[in-house]
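The data blocks that follow each hold one structure.
In what comes next, subunit A is part of two complexes: it sits with subunit B in the first one and with subunit C in the second one.
Moving on to the complex of A and B:
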């Protein structure tokens, strides 16, 4: 029972962008929802998972995004509506399926929501996934507000069914994670029994014929977009300049003109359907002015396509002056902010405007440094990953052969930074650590003599590390794989995964046992507790000297946040300040300077270490590293 | 004014330059350095600008005159082999000790006696287990001493046992060590830094003659290829011109030409000035050409006392050494010094590197070059 399930038509509610998308899915009559979690997309399926059973919607956390899209597509193939959600990297994983799915087409409404992360706020890249729409000849919608994020989903389902194509909806962090006022509609009444028509196989051979069909669908889509309510022109009949914007810059553009009091000088072409472009609509609007500022996140997708359109329609439109990211008027990378957009428009209109006066910037900086403690991006207090990386660092130093560790995506990615003692030396995509280690593990024949380790989390193991592990075993690569099994998809918000014994809707599920899987594959397996530093270091060193094949060390310890949320603590920890050496030779603040668990504090006055009881999760690891045994751990 | 530094300086000046001799003086002082497989390994960065690791290291500044003053309370007299009270030939009376010892069983006898009579309560010796890795070992029972006799020619962190050992306040301690380790002990004595090791409880230091020591890892890999997995017993080097390393196992004695071993000599040994452990109370080595006898250089009153008592209780017999033998000893010692300075030059240390030598000594050493080494 929640506003998302109960709200009725006309009601205005405050929703987070991803909740709005979830509500939109309900209004659009979705029956099957699947995703692999990833910021900023996770709350879409997170929201639906909670209410799925109540509304008779099937919701699952899939092992990866490709599988998620396949699961949602299966619903579509059986004539009901499916939705898959993912972050930008996820669409890469799903793309192999997507670029065949576009050819076979879909049946029941199929919507793929991709949440991009301009500025890479919680990602390893700021990839602009809109290019997929163009490559795959797929319809693309871009909401500019939380309201649109909701409204576009039922429209996308209808469009998908009308065209027989999956529809892409591209959100961004500032939509997905923002809250806004949303006017609700009632869910469409649909009662379909899923059934797969065996007389209509979905096989895209011969591909060329299907490609021709796909192009025809895209042209039909363009016609539909010409009159779409998601595209509009706001402004005077004859403006001095035009802003063409999609996504959050669409909303920023209105703020900008309001701020500069330039609503009567500049017009805004706000586009919600960005592929295929509604050409006739655009030609009509672009005639209004010759200076065109294109505001979009992240690439010059609109800008480039608009330029192509203007070249095509040169006779009608004349020569336009394009400004935007391509011209350097807006920043080349990162998010479009209201500040940078306002500065750009002010410059075009020759209005004197300072987005952030230096005096204000200084005051703000002072206020921040006074009231907000400096926080490093790092592992939580008591995180078993910190202990694991401590062991990796120690073991590699003791091994002494310039060994190293390659990794991939998860909480443990932070191993590249100080809180993981800078141990992770490569960081790319889900599961790429195991693949790279497999490649490194083949180089001995050319004289490569460094031991190679890789690390992956439990959730990443299921997602994409498994094929790399098969590959390494089959091709007899030599490396040590650490699986940091904290029994949680912690980084994205504790979603259950195949190892947790629970499914998305909170029901009991079989546990896919990582250890048994690896053993069956024929890897040498050991299991250790990363909180037991000595035991773990010894295990790593023992496995590193074994030069035959793939070794797997499962480091099993519950995520410290999960334990803390349960109100559990292993130890009560305190510092005997008499015994503590502080910054003296023999210690030099090993705990607060090198180990740096946030639960440890440096008592400047006394020159001794201390424990922050409010933050300490009682893992007890600092007691093990203290050379003076001054950190006392009492079992609770 | 002596040079000051912390782990960073030790890392840059010693570890990275491959000058470390794995003596163990910096180990078990802190969580930043660990000895493993005969190597000293830095685990984490330490930003102290002054630390014991740097202060005690025998490959950071060694001011020969200053250390000599600190240990002997007077200037260095003998330029070739350091201060001496007397130099004698000696051997254990006990046949078992003599046989199990490397040469004459003198070291084992003296340490056993010191423990037995209670002039020391603990001795830091070097243990070599089946893996051939030397480890420091605290011995409190005199009967244990003989089980640790013999040399493995491999450098190991013996002093770690002093740094990390638990001793009673009233314990007096004897240390048996290589020249680098005896130098480190002297540096511990003069160090002005807080949190001293139990160095002030060390009342007797017995130095072992040394021309070089081997790197554990590479040497053991080599040895295992030569002699297999069999347990290695006594190891010995035959005198010139033969110069063979004899390695005894249960089944056989392997005879390995020394030239095959030389690549495994620690690079830090090449720059070592000290063949006879010049800062020890008493130094013990082998008399070339006099089988079963040790050369003993008595340097201090403490050294004299333990040797005299051993003679008095009939544990040791001594004999005077021939003049020409003493000449050979001096020449060998001077030659090691000469080679060390040349090696330092070869590594680019034109100013003598870590060594601070009195001019008189420097001239004496360089005179080797005139004679031709």
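Moving on to the complex of A and C:
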């Protein structure tokens, strides 16, 4: 029971953007929801999973985004409503299916929510999902507030059914992870029994006929968008300049004008339906001024398409001056912030704007650069990944053949940085480490003589590493794969996955055992505990010298955050300050300089190491690395 | 003190794992009870992994605001960690800003490794004072450790802010807000933490 299930029409509540999307799905009568976790999208299904059973909605964490979209589409094919959620990278995975699904079309309402990450706050790229709408001829909605994130979902279901097409909704981090006051509506009363019409196969052959149909649907969609309430003009009849904005920049624009006291000089065209563009609406609004600032996140999607529209309607609209990310008026990478928007508008209007006295700004910035050292992100205290990378580093050094490790996406990606001793040498997409290792593992025939390792997490293994793994086995590549099994999708908030024995809705599920899968595929397998440094290092070295085929080492240890949340410590740890010689012993302060678990602190006055009890999770690993045996671990 | 300002812009800052987000959610819930429209912008990112985190809490009786506070327009900084508070003042402070800070530093990795310096607490407080209208301190982590759980520092900080009556909420508002999050057995501890903060905040 929660406000998300109980809330009634008219009620105002504080919701996270992703919770608002979940509530929107409920109001839109969704029956099947599927996703693979990925920030900033994870809480959509996370929220629905908790309340699914109570509302008779089926919710699943799928093995990857393509499967998630297929599961949601299946509901649609049977005439009920489905929703798939993913982050921007996930849509790449799902796109192969999506670009055929657009041709066959859908039946029950089908909504695909994609959460982009402008500024790459929790991603390895800042891809712009909107390009997919254009390539795939699909309708696209872009909320600019938490309220709209909710309201657009029921609309997207209706639109999808009206057109017979899946509808894309693009959220961004600043909406998905914001909280805002949201006014609720009642769920639509739908009671449909799912049934697949065998007389209407969904096969897009011949493709051209279906492509033609798709085009016609898109034209109809444009007509619907012409009068959509999600597009509006705010401002004076005859402004000096226009801001065209979608997404969060649409919400920042008004505050920007207020700060600059320029509400009477600039108008805002806020667009919520960004593909296909509502051309007539835009032509009417664009007539108002000749200077147009386009504010949008990531690519110049609107800017480019608006330019094309203006070129086409040149006779009606005259010559426009376009400013935005393309012209350098706004930064061409990163997210649009209120600050860069304010600077840009001030420049266009030739207003001088200072939020605070310049003197103050200078002192403040100086204080930060002088007194506030930056904070690197790294593995948590007691994280088994730190221990694993320590073993990788040591084992590769012992091996002595300039071996290296390639990796992919998960918590353990941080292995490229100092807290993983810079051991991860490639980082691209889910499962790409296994694929790359497979390729490297073929190069011996050309004289390549470095041992190759790859690393992948348990959740990533099911998502995308599996095909690469059996590819390598089939093609007899030579490498060692480390599977870091911490029994969690820790990066994104501990969602269950096929190896955890639990499904999204908290029910028991069969465990798909990684070890058994790898064994069946025919890889040589060993299992070790990364907290046991010596044992793990020996296992790595043993497997590295085996020159034949694919070897798998499963490093099994519970995620330190999970253990900490349970309040369990394995060891009580302290530093014997008599034994610790600090800078004096030639250890080079191995613990704090190199191993760098945040639970270890440096007592400057005494020149000795110490343990911060508020942070240490009691894994005991630092006790194994201190050459002086100065770190004492006592089993609890 | 900020009751008559609209909008009210608060930034809660700290290090990943300190319960920054929870504090912002509770503050939002409390102000919601008082009739404000709330927006909270959170920089989650890799926040659990020891990085700097900040939440922008924005309250207005008139309109729903966008999730980021424009630079130089923060009214109140609630710092769960001292240099994180200073960092926020660097971008969002202005001569009238109010600052409340926890006194317990968390050393960045580079400092532990001897590659950077963490300033003396007095220096941080002096700088804060130079950049704020007023500064208050709370030994939130120390008090929390005495209560048996360092995570309570965030609630202690909210208690400190409540005690100063800068924002319109009190212990009853707090109780209503946390009831949604905690089972009854955790309630007493949290109320106790709130009261600890209320009574131990000091002006500098």
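A few remarks follow.
We adopt the following convention: the second predicted complex is superposed on the first by the 613 of 636 C-alpha atoms of A that agree within 3 Å, B and C clash if a C-alpha of one lies under 4 Å from a C-alpha of the other, contacts with A are read in each partner's own complex, and residues count from 1 in each chain.
As a convention for this text, a residue touches a chain if its C-beta (ideal position, glycine included) is under 8 Å from a C-beta of that chain, and two chains touch if they have at least 3 such contacts.
Every value quoted in this text rests on a predicted model; they were computed, and no experiment measured them.
When both complexes are overlaid on chain A, the residue A:474 reaches neither subunit B nor subunit C. When the two structures are aligned on the shared chain, A:448 is found in touch with neither subunit B nor subunit C.
Judged by the touch definition given at the top, the superposed model places A:627 against subunit B, while subunit C stays out of reach. Shared-chain residue A:394: touches subunit B; no touch with subunit C. Touched residues of subunit A were counted for both subunit B and subunit C, and C has more of them. Touch criterion met: A:356 reaches subunit C, while subunit B stays clear of it.
Using the contact criterion defined above for the overlaid structures, shared-chain residue A:419 touches subunit C, although it does not reach subunit B. Using the contact criterion defined above for the overlaid structures, shared-chain residue A:196 touches neither subunit B nor subunit C, since it reaches no partner.
Contacts of A:596 after superposition on the shared chain: subunit C is touched, whereas subunit B is not.
Comparing the two complexes, residues 593-594 of subunit A contact subunit B in one case and subunit C in the other.
By the touch criterion given at the top, residues 14, 39-40, 121-122, 145-147, 173-175, 177-181, 248, 251-252, 255, 259, 337-339, 342, 354-357, 360-361, 363-365, 367-368, 370-380, 411, 414, 418-419, 561, 589, 592-594, 596, 598, 600-602, 613-615 of subunit A touch subunit C in their complex.
Residues 15-17, 24-25, 28-29, 32, 37-46, 48-52, 64-73, 83-84, 86-87, 89-91, 93-95, 106-114, 116-119, 123-124, 127, 130-131, 141, 145, 150 of subunit C touch subunit A in their complex.
Note for the complex: subunit A touches subunit B at residues 393-394, 397-398, 400, 421, 581, 583-588, 590, 593-594, 625, 627. Put simply, subunit B touches subunit A in their complex at residues 6, 29-32, 34, 36-37, 39, 41-48, 50-52, 193-195.
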